[in-house]
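The structures considered in this document are given below.
Next, two complexes with subunit A in common: one pairs it with subunit B, the other with subunit C.
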Partner chain A sequence: MASRRTVVPFGPQHPVLPEPIHLDLVIEDEKVIEAIPSIGYVHRGLEKLVETKDYKNYVYIAERICGICSFIHSLGYCQGIENIMDIEVPERAHYLRTIWSEYSRMHSHLLWMGLFADAMGFENLFMNCWRVREQVLDVMEETTGGRVIQGSCKVGGVRKDISAAKLKEISAGLDKTKAEVEEINHVFFDDSTVIHRTRGIGYLSKDDAYKFGAVGPTGRGCGVAIDARETGYAVYPELDFKPVVETAGDCYSRCMVRAKEVIQSADLIQQAIEKIPDGDIEVKVKGNPDGEYFSRVEQPRGECIHYLKGNGKRFLVRERVRTPTLTNIPPLVKMLAGCEMADVPVIVLTIDPCIGCAER
Partner chain B sequence: MGKITFTMAKRILKSLASGPATLRYPHEPAKRYDASRGHIEIKIEDCIFCGLCSKNCPADAIEVSKDDRTWEIDRFRCIICNSCVEACPKDCLSTSNVYLEPVFSGPLKDKTIGTEPEPETKEE
Partner chain C sequence: MTIEEQLIKEITVDSLLDEVKSRSDDGYRLVQIGCTRIEDAFEINYSFEKDYRFENLRVTIGEDVTMPSISDIYWGSFIYENEMHDLYGIGVEGMNIDFNGYLFKTSIPHPFREPPQVSVKKVPKKKKTDEEKKEDGGEE
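Presenting the complex of A and B:
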C-alpha cells in the first residue's frame, strides 16, 4: 500500500518554539520525511538604517540586532570600523571586551540550557538554569548598566571601566557560579530523562556538518573544530583557549558542548581578570571610515560576520550581517529528515535558533 | 542515578532553606545598581537648547525647540542608550537608575519647558 504523507505546519507561533521559525514537516505516520523551512516573520530592516545613522551611533542599533548576543554584535561592528580606520584600541579595552563577551556567552548558553530542558519537559532544571543565569546578568548590569543590552562597546574602545576591586569580586563570584553550573551540568550529562530525549537523536555527521556550513556549538558538537575566537580577535590569543569539541553529532553532544562552554567562559574571564593591564579604555576617534572590512566574531550560537563598507562620509554605504542561525538552518533541515515527530522541538532547539538575529 | 537524585535533593533542600530566588515585585522594589539605565532626566535650567542630544539620538526620541525653549522626549521611542547624555555639552542630561512604571497606553511624551533667560546675565 502506498504510504500516506501529511504536511504538518510547525511554527512560527508554537508553544515550544522560542523563536518564530516556520517549518513544514512532511510526515509519514510519526516519522518526519522532510522539513521545509521558511523565515521572514520578524524582519526589521536594521541593516538599511546604516545609511541614515552616524556610524558612531549605529553601534546602538548593531547591538539591538539580537537581544542575547547583543554585546558581541556591537563588538563585531566596532571591530570592523576600527580596522577600516586603523584605530589602535587600548589593551585594557580589549580585555574588558573579552570579559563582557564571555559573560554574554555564559548567559546565552544558560538561557539555552533552560529552554532546552523546558522543551524536554524538565521544568525544574529549566528554572535552575535561569536562576544561575541571573547571577551573570546581575554582574552585567552592575558593570555596564544593562542586563542584556549592555551598550558598553563603542568605536575606539569601551564606555565603562571596571575597578580592580570589582574585578576581584567578579572573579570570586565566578567560582560560586561555576560550582552551581557544574551541579546543573551533572544533571544534563547523567540524568536518564535527558539522555533518553537527546542521545542518538538529530544525528549529523562531521562531513555533513562541514558541507552544510554548521557553525558554533552545532558544528563543534559534530566534531568540526571551528571557532572564530581562534582567528585571534580581542585578547583570545593571550588566553589559554581551545574550542570545546564533541564528536557524537547528536542532540546530546551539542548540549554537552554548550554546557562545557559555560565553564570554559568562566575560566576565560578569570584568566582575563588576572592578566588585565592598567591604562586607558578608549581612544578619540576622528574622521570617517573609508574602505571595507569583514569582521568575524564568535557568538554563543556560532560565527557571525559583519561586512562594513564606508566611503569617507558619516554614514556607511553598506552593512551586511551574516548571523550563525542562518547558516545553521541547512544543517537543521538535514537533522530533521528521518526523526520522530515528537523529537522535532528538541532538535530545532539544539541549533539554538535566533530568528530575530537572522532576519534583523 | 543515585548520584543525580542526590544532586537534585541537595538543591531542593537548599531552595527550601533559602526561600524563593525571585523578588515579590511590585511589593518589593526591583533590584537596581548605580550603573543601571532607568530613564533619562533633564535639568532644564542648565539647558541651552543646542539640539545635540536630538541629533545624536539613534531612536529619534528627542525633540528640542530653541524658539519655544522646550525639550521633549518620547519615552516609548527612547532606548535609554545614554547617547544624549554623552553628547550634552552642558551636562544637564543624566540617566537615572530608576525604571519608569509601566503604563497602559501611549504615547508617553515628557515635555519640559525651559525658563525665560535673563538678558542681563546672558550678556555678561
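Presenting the complex of A and C:
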C-alpha cells in the first residue's frame, strides 16, 4: 500500500529560524518528498527609497539592508557609485574596507557557527562561538564606533582611519582569536555529535549547485569554487587569497567551509595590515552618477550584487540588490528533497539564510 | 582594485529563450534577473557568469507584455520571475513554481510598477564659509 502524503508547514516561526521563512514540506512517512519555499513576510521595499534619497545618503540605507553583512552592503553600494562616476578611491581606503569586510565575515560566520551548534543542542559550543565573536565585535566597535552597523564606508572612501598602533594591536589580537577559533573548529570537525548530524545530510552535487545558482559557502561546500573576491575588488588582488572549497556537498562540508573561512579572514586582515600604505582615506565627490554598474561583492553568505543606475541627477533611477540568500533558495529546495524530516532544521541552517537581506 | 568588464547585450523578447539556451549550453550560470522601471517601459536584465566573465542580456518591454519563463532552462529562475511579477506586475508565462502573486506579501499590489514620483522639499543652499570656498578652489 502506498504511503499517504502529508503537507507539514515549517516556519515562518520556528526555533531554529531567527527570521521568517516558510516551507511547505510534502512528506511521505518521515521522508521529505518536496519542499515549497515561501518568503516575503517582511519585505521592506528599501530599493524603492533610492528614488527619493540623495545617492550619497542612500549608503546609510544600503548598510541597513542587513544587520549582519551591513558593512559589505555599504561597500557594494559605494563601489558601484564610484565605478559609475570614475572616482579613484585612495589606496588606504581600499585596505581599510578590506579589513572591515573580513571582520564582518568573521563575525557573521561565528554567529552562524553558534546558531548551528545551538540547533543541534550543543549549547557549550554555541556559547564558545559567541564568546569569540565578541572579540571581533569589540574591534569593530573600537575602530568604527559600531558593533554591527559601522557607518564607516562612504562614496569616495571611508570616514574613519585606524592608527598604526591600533593596527599593530589588532594584528596581535588576531593571533589569539585564531588560536581560539582553531580549538572550536576542532570540535566542529571531529566531534561525533556534529558528524552524526551533518555528514552525508543535505547532499547537493557540484553540478546541481552550479546549475541552481548556489553561491558562497553553500556552493563552495559542493566544490563550486566561485568567490566574488576573485573578481578583483578592494585589495584582494594584492593579498594571497584562494577560496576555501570542500567537495562532499553535505551539511558537514558547508560547515567546514565557514569554519575555515574564519581563520582565512583573520589571515587576510593580517596581510592587509602588513601592506597598508599611508595616505588619504577619502576623496571629494562632485557631481551625480550617470550610467549603470553591477557591483559585485562577496558577503559572508556569498556573492551579492548591487545594480545601480543613475541619470545624472542626485536620485538614482534604480538600485537592485540581489542577495545571496535569494539565490540559495532554489538549491535549498533541491537539498531538502529526499531528506528525513528531522534533518530539515539543520539543512535549512546550512545555507545560512538571511531573510533581512532577502527581504530588502 | 580591478574594474570588472561587464557586457550588456540588447535583445528582443522573441530571441530571449534562444539566447538563454545558448548561455546554458555554454556552461554559464544564471546570476540574477532584475527589472528597472524606465518611463513607460520596463528594462529586464538577465545576468550570467562563467569563469568570472559577467554578461547580461537586456530586454526592454512595454507595460502589457508577458515574458516567457526561462525556468525550463534554468530551474532556479522561478525566484526572480515571481519577484518580477510580484513587485512590477509583469506577467511571466510557464514558470515551474508559480506563487500567483504571493511570493512577496506586499501591502499594495505591485509596489514597484509605478514610475518614481519624486517630490522633494527644496532646502535653501547653505552659504559657503571662507574655508569651504578655499577647499573648492574658489568654485561656487
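Rule of thumb we're sticking to: the second predicted complex is superposed on the first by the 360 of 360 C-alpha atoms of A that agree within 3 Å, B and C clash if a C-alpha of one lies under 4 Å from a C-alpha of the other, contacts with A are read in each partner's own complex, and residues count from 1 in each chain.
Convention: a residue touches a chain if its C-beta (ideal position, glycine included) is under 8 Å from a C-beta of that chain, and two chains touch if they have at least 3 such contacts.
As the structure is a computational prediction, the values presented were derived from the model and not from experiment.
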{"item": "Touched partner set for A:T144, first subunit B, second subunit C, both or neither", "value": "first"}
{"item": "Partner chain(s) touched by A:F294 [first = subunit B, second = subunit C, both, neither]", "value": "second"}
{"item": "Subunit B versus subunit C as contact partner of A:V181, first or second or both or neither", "value": "neither"}
{"item": "Touching partner for A:G213 - first (subunit B), second (subunit C), both, neither", "value": "second"}
{"item": "Subunit B versus subunit C as contact partner of A:I305, first or second or both or neither", "value": "second"}
{"item": "Partner chain(s) touched by A:L111 [first = subunit B, second = subunit C, both, neither]", "value": "neither"}
{"item": "A:G40 touches, of subunit B and subunit C: first, second, both or neither?", "value": "second"}
{"item": "Subunit A: partner with more touched residues, subunit B or subunit C", "value": "C"}
{"item": "Contact footprint of subunit C on subunit A as seen in their complex", "value": "36, 38-41, 43, 45, 47-48, 51-52, 83, 89, 94, 210-213, 226, 230-235, 237, 284, 293-294, 296, 303, 305, 307, 309, 315, 317-318, 320, 322, 326-327, 329-331"}
{"item": "Residue numbers on subunit A that touch subunit B, as the complex places them", "value": "53-54, 57-58, 60-61, 64, 124, 128, 131, 134, 138, 141-146, 149, 151, 159-160, 183, 186-187, 190-192"}
{"item": "Subunit A-facing residues of subunit B, complex", "value": "1, 3-4, 7-8, 10-11, 21, 31, 33, 35-37, 56, 58, 79, 81-83, 86, 95"}
{"item": "For the subunit C and subunit A complex, residues of the former touching the latter", "value": "1-4, 6, 29-32, 34-38, 45, 47, 49, 52, 54, 56, 74-76, 78-80, 83, 86, 97, 99, 102-106, 111-112, 116, 118, 120, 135"}
